[in-house]
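In this document, chain identifiers A, B and C correspond to the written order of the chains, with residue numbering beginning at 1 in each.
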């Protein structure tokens, strides 16, 4: 069921290409903006982690703005509500879509970040970073879907989404930024060849932040599942 | 008499009495703190404000949950008033927190105190409650969405607190224990009385607000009954339950 | 057989205003109910409540012997709604839209082709909806509404945007001859009366008239729409 909705969304996205390219361009532009704002040619350690984390958060918020707009404006909610389908199917489909958008975005953004900020240790830390990215994408996707569903039915939807979403995402951001910062710090002198070895280092000090992020994801998944129905029904 | 008006007189008196007692204890009974001097006394206002307002947010979440479950408008009213009152108390908490930070550490804001930081995030979140309500015109939908927000926000309060505390521990080792777990007896008495006073103040003010709003709702309903629907103009967009 | 629809003292509010204040009507199987009234009289609200999209605030609504909103779940798949919005995604083609709805309702692919042909859109089925004329969109909307072989049709202005040829095409699907229980609203009272077995006239959220179409005269109708 959720698969049908997801398929529809991905078809539309592939055809119109309105969300993901915009997110990617915005993220790369954010890196450039950070360069000028911070006046640094190279970023290290926690500073690099922070810039990456914040840029991804902003991109996620951008992504949430469009998530439910088609449903709202083209009668998608009604069409869905008329079907004998569990309401949570829409939550699952939309959150998965947003998650996938973030993953595709990162395939572009992380290499761009490596080029523009050249943080030392990125190659070696890649394994850990990928894990963190997956978990934080899940967090951004879940909270983003919930916030987007709330915002789409308001009059100021482009504003309400970000102002509600930003505080809610801060714990995920904290865990992600600190975790990535630690990953980068552990492997400061390894080049890209360290990637293979990096995958075996899972009990580095950033492990606890991975756990925090995972727990945050579980918490939000349960919460979103519990309240989502109320947002759709009238 | 409306259910909201019950006990109101008793509560008001109790609040005034406890508040006076608390303030008296703070200024005359509790000793002046060695390091920070007289200004430290703001601790007796700031911490209770912070604690009560955080509990208020969680209560708002619980009331929101009750609204979602029962659909009875009174829970929406309670949720709205609880969050509204908590927001007002929060502003007081932040300002008094800033004054205390300046007195204790010399800066108007410190990132090394996790309670302050997570408090700021919570306030930022709940500042969006009223704009959210205001931007939804359908009153039913407004109440439902506000309730969902309240539930999510209420659940967010403890979660946020834990994560921020963990992060601050990582970045700055704790310098001062804000909760004052080992307060000497004289300070503790003043402190707990102030907590009770602020709690009573919260409940009393909340009841006043609820009474005012429900009376207005009732009046409009009666006018519509007597004068007919069209004679009573609908309330223009409002963030509060109507 | 029991009435398909059984409504008693239905109430629905919008904030402090009442949109429907105690409407009662029963519709037997296979019958057509026409709902007349000005804009804002509560026609669309009534339709949406019957479609399980809105919850009643008071009174009782029973569909196929199930109580709404408690058992909305059970009756959802048996209702077909044709509302002012076509409920179609503009970036997808007509065929893709129907396939999506078929998946949501658990209907097989063959049925999609069947309804596409029935509304005369078989060849243009792959055009994106945003490129379709309003008449074509309306035909696709009808296809969507009858795709899952509903036992109750809720039709809001069914013939809007349709030329006579297209209207003839969809007649067997949603018209009286289809034998399906129907509730329809229309801005054209005469046309609605012509195909109704029962008429409900709404004024200010209340039933100004409930009875056979013969019993209502043009003066009352003019009053309604004044």
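Here is the rule we use: contacts are C-beta pairs under 8 Å (C-beta built on N, C-alpha and C of every residue); 3 or more make two chains touch, one makes a residue touch a chain.
Here the structure is a predicted model, which is why all the values come from computation and not from measurement.
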Comparison of B-C and A-C (more C-beta pairs in contact): A-C
Nearest-to-centre chain - CA centroid comparison: A
Whole-Å separation of chain centres (CA-atom averages), chain A against chain B: 32
Distance between chain centroids, defined by C-alpha means - chain A, chain C (Å): 41
Centroid distance [mean C-alpha coordinates] between chain C and chain B, Å: 48
Residues of chain A touching at least two other chains: 234
Residues of chain B touching at least two other chains: 140
Per-residue multi-chain contacts in chain C, two or more chains: none
Of chain C, residues touching chain A in the complex: 51-55, 73, 76-77, 79, 81, 83, 85-92, 96, 100-101, 103-106, 144
Touching residues on chain B, where the partner in the complex is chain C: 138-140, 217, 220-221, 224, 229, 234-235, 242
Residue ranges of chain C in contact with chain B within the complex: 13-18, 204
Residue ranges of chain B in contact with chain A within the complex: 68, 121-122, 124-125, 127-128, 131-132, 135-137, 140-141, 144-145, 147-149, 151-152, 155-156, 159-160, 163-164, 166-167, 170
Of chain A, residues touching chain B in the complex: 146, 150, 153-156, 159-160, 163-164, 166-168, 170-171, 174-175, 178, 212, 216, 219, 223, 226-227, 230-231, 234
